[in-house]
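Handing you a structure now.
Labels A, B and C are assigned to the chains in the order they are written; within every chain, residues are numbered from 1.
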Amino acid sequence: MVKDMPLNVQRREIVIPGELLADGKYLAGANTIKEGDAIYATRVGLANIEGNRIAVVALAGCYIPAVGDQVIGRIVDIGLSGWQVDIDAPYPAMLPASEAVDHRQEHLKQDLTRILDVGDLIIAKVLAFDRTRDPLLTIKDQGLGRITSGRVVKISPAKVPRLIGRKGSMISMIKRETGCQVIVGKNGRILVSSRYPFREQVAVAAIYKIDREAHIEGLTDRVREMIRRMIMDASIHPE
Amino acid sequence: MSATPQLSPIAKMERRTLIDLIESGKRLDGRSPFDYRPIKVRTGIIEKANGSSFVELGKTKVMVGVKVELGEPFEDTPDQGVLTVNVELVPLASPTFEPGPPNENAIELARVVDRGLRESEAIGLGELCLIPGKKVQVIFIDIYVLDYDGNLIDSSALASLAALLTSRVPKYTVKGEDKIEAKGEDAPLPIKNYPIAVTAAKIGGSVILDPSYEEEQVMDARLTITVDKDDKICAAQKGGLGTFHPSEVDSIIDRAISKSSELRSKLLEAVKAGES
Amino acid sequence: MPRSIQNKSDRLIGKDGIRVDGRRLDELRPIKMEVGILDKADGSAYIEQGKNKIMVAVFGPREAHPKHVALTDRAVLRCRYHMAPFSTEERRSPAPSRRDMELSKVIREALEPAVISQLYPRTTIDVFAEILQSDGGTRCASITAASLALADAGIPMRDMVAACAVGKVDGEIVLDPCDIEDKNGEADLPVAIMPNLGMITLLQMDGKLSKEEFERGLNMAIKACVEIHGRQREALKNKYLEIERSMEEYGGEEQ
């Protein structure tokens, strides 16, 4: 079907901006640009070919909010009607007071610091965002709210899909093998928590390994190996 | 730090109209793609300056004052006079000009005009030395933009040359070790070349010369080629957010060389007429 | 460009067509490129070209401060070319000179066509080029490194930008002039292109060239830019290949 149309790259080949990926009747996927029939990469990443769609899995890049995204944010300022939240994006996010309390806690709105104070970390969801205004957040849904325990680490947002894995396979494996609770923010911030600090360390090491080696095949196996080895080493030589 | 400039609001509305017009071979003011606007040159208007000019290129108005003083030469050229070019984008010239020290546009303009004069050796700097290593003539060219309607480079270059051609300085004689005697004020400067800057602008896929203000607001990029009296290129400067294809550069160079002769004759004629 | 050769009989090109630093007329200086060398920057690159040593960092896209410099439909690209006080033979003042301001502008304009700025309205993308040691052709090397740093930061681009200068020395058109050749030559012509699109994004000249020399020089520079682009591709890929290599070194990792 598409065999005779010129494909310039192999699957999973590292490509750079401006590199010609294909010239023919292909569809331009993520991180590509189409000029006439030619499709070029716009970012450094791995070439990905699925049927007749060519995309680039970016290996670097900032977080651009999308409605529905779960993110981990840090309160940086308090205004009259809500909080300004840093979500590590080029746009400052707003969490309106109405999206932080339900009708039973209305009285708390008098003093916003009683709900969230500057420096607090939250798990939130992006409610709205478009080209003309800054992102709006909510913490009203199940599983959202102020973070009270655990460690938050930062990886490149471009690697988050790899951390989650196909159908959540990678993140489930990490949770299972380390016994930690892991909450992934699409903005590259990850919350890891466990009763045992050592287990948190192992999970964090796994997360950083994924950040570094996302472009190399066989990652899931390597990460599992590393986790098992770290836990075994610790049991042989307890602190 | 240089930052992407704010785009003028007219850019979006006018762009389509301008592009369509230019593609049909005509411009907003009725000119053909390679026509310059009418040029008017007046010289000798600032008596306190050694030389001066007032040039109008269409509605763009540029005044240049040349002051010549005695000063020290640069260390690495002890036997040469000094040339320095400065530009003021005077706030009264445009609602977009703010008062303050020269911004990147003023500096770029000054340096491009300077390049044209310096690389063509328009002024015989070697003839401006009085006492090597100690005293030389220093030429200050101050370009004062008074009305900004596009193409400041070409108009400033023309005005600078006109002012230089009509500058008058004292006759200097060196007496003894380091005494300099100045007599009168009607010796000309040693002008050896007549560099002419020709600026092309790319709009849509078409190239035009001498862009007006509106054309500059919608252009992709501009390319200035400065040509001397022997058809040698002595300066080139691409500006703007767009790009040029190498073949476009070639054709712009050809246009610039032929246009520069035309502009040079006009200028020399006007200066001669003014002096008589 | 002051034109004062102390001794007029000092030629910069020998009878055998070899230049002061031993190069042929059309030879580039040795180039070394590294990507991702700074921890705090979103993207970074380091380039050595002859004795030039240049570091470039990219921050962004990030919030525009102050707000009024922001553009509603695209990111603002900001660019700073700056020379370290110890970068030249004689110490130079750290205050930005007129030359620094002009170069900051032309470097920014060389990168603008490549950056797909429409994707990040109301933000700024900041490019900081620091010349740690200068030996001629720094604006071109800065553009080459800036392009690497932008790619390293994951900023979407239509194409890379590669830059190189040619000069005229002792009547010959030469590639990639060093400082001595620059200061004592007859012309200097820096060029930057987007290699895959074949479009020129930086073009300047000072000196004296005939039309034919200009065009010959331009072609030579463009060819060199294409070669430099090949090195850029290597440098970007190397960052990731290095990780793979260091993995193998520590052993025991199954693929």
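In this text, a contact is a pair of C-beta atoms (placed from the backbone, for glycine too) under 8 Å apart; a residue touches a chain by one contact, two chains touch by 3 or more.
Computed from a predicted structure; not experimentally measured.
Colleague: Chain contact graph: line, ring, star, complete or other?
Modeller: Per interface graph, the chains form a line.
Colleague: Which chain has its Cα centroid closest to the overall Cα centroid?
Modeller: Looking at where each chain's C-alpha mean falls, the closest to the middle is C.
Colleague: Tell me which chain's centre, taken as the mean of its C-alpha atoms, is farthest from chain A.
Modeller: Centre of mass proxy via C-alpha means gives B as farthest from chain A.
Colleague: Have a look at B-C versus A-C and report the one with more C-beta pairs in contact.
Modeller: More C-beta contacts join the chains of B-C.
Colleague: Counting only Cα atoms for the centres, state how far chain A is from chain B in Å.
Modeller: 54
Colleague: In whole angstrom, how far does the Cα centroid of chain A sit from the Cα centroid of chain C?
Modeller: Chain centres of chain A and chain C, defined by C-alpha means, are spaced 34 Å apart.
Colleague: Centre to centre, by mean C-alpha position, how many angstrom separate chain B and chain C?
Modeller: 28
Colleague: Can you tell me which residues of chain C touch two or more of the remaining chains?
Modeller: 194, 197, in rising order.
Colleague: Which residues of chain A touch chain C in the complex?
Modeller: Residues 14, 16-20, 31, 33, 40, 42-44, 58-62, 64, 90-92, 131-132, 156, 158, 212-213, 215-218, 221-222, 225 of chain A touch chain C in their complex.
Colleague: In their complex, what parts of chain C are in touch with chain B?
Modeller: Where chain C meets chain B, its residues are 1-2, 4, 69, 71, 74-80, 98-99, 101-102, 104-109, 112-113, 117, 124, 126, 187, 189, 194, 197-211, 214-215, 218-219, 222.
Colleague: Once bound in the complex, which stretches of chain B touch chain C?
Modeller: Those in contact with chain C are residues 1-4, 6-7, 74, 76-77, 80, 102, 104, 107-108, 110-111, 115, 118-120, 221, 223, 228, 231-246, 249-250, 253-254, 257.
Colleague: Per the contact definition, I'd like the list of chain C residues that touch chain A in the complex.
Modeller: 42-43, 60-63, 72-73, 114, 116, 119-123, 151-160, 194-197, 232-233, 236-237, 240-241, 243-244, 247, 253-255
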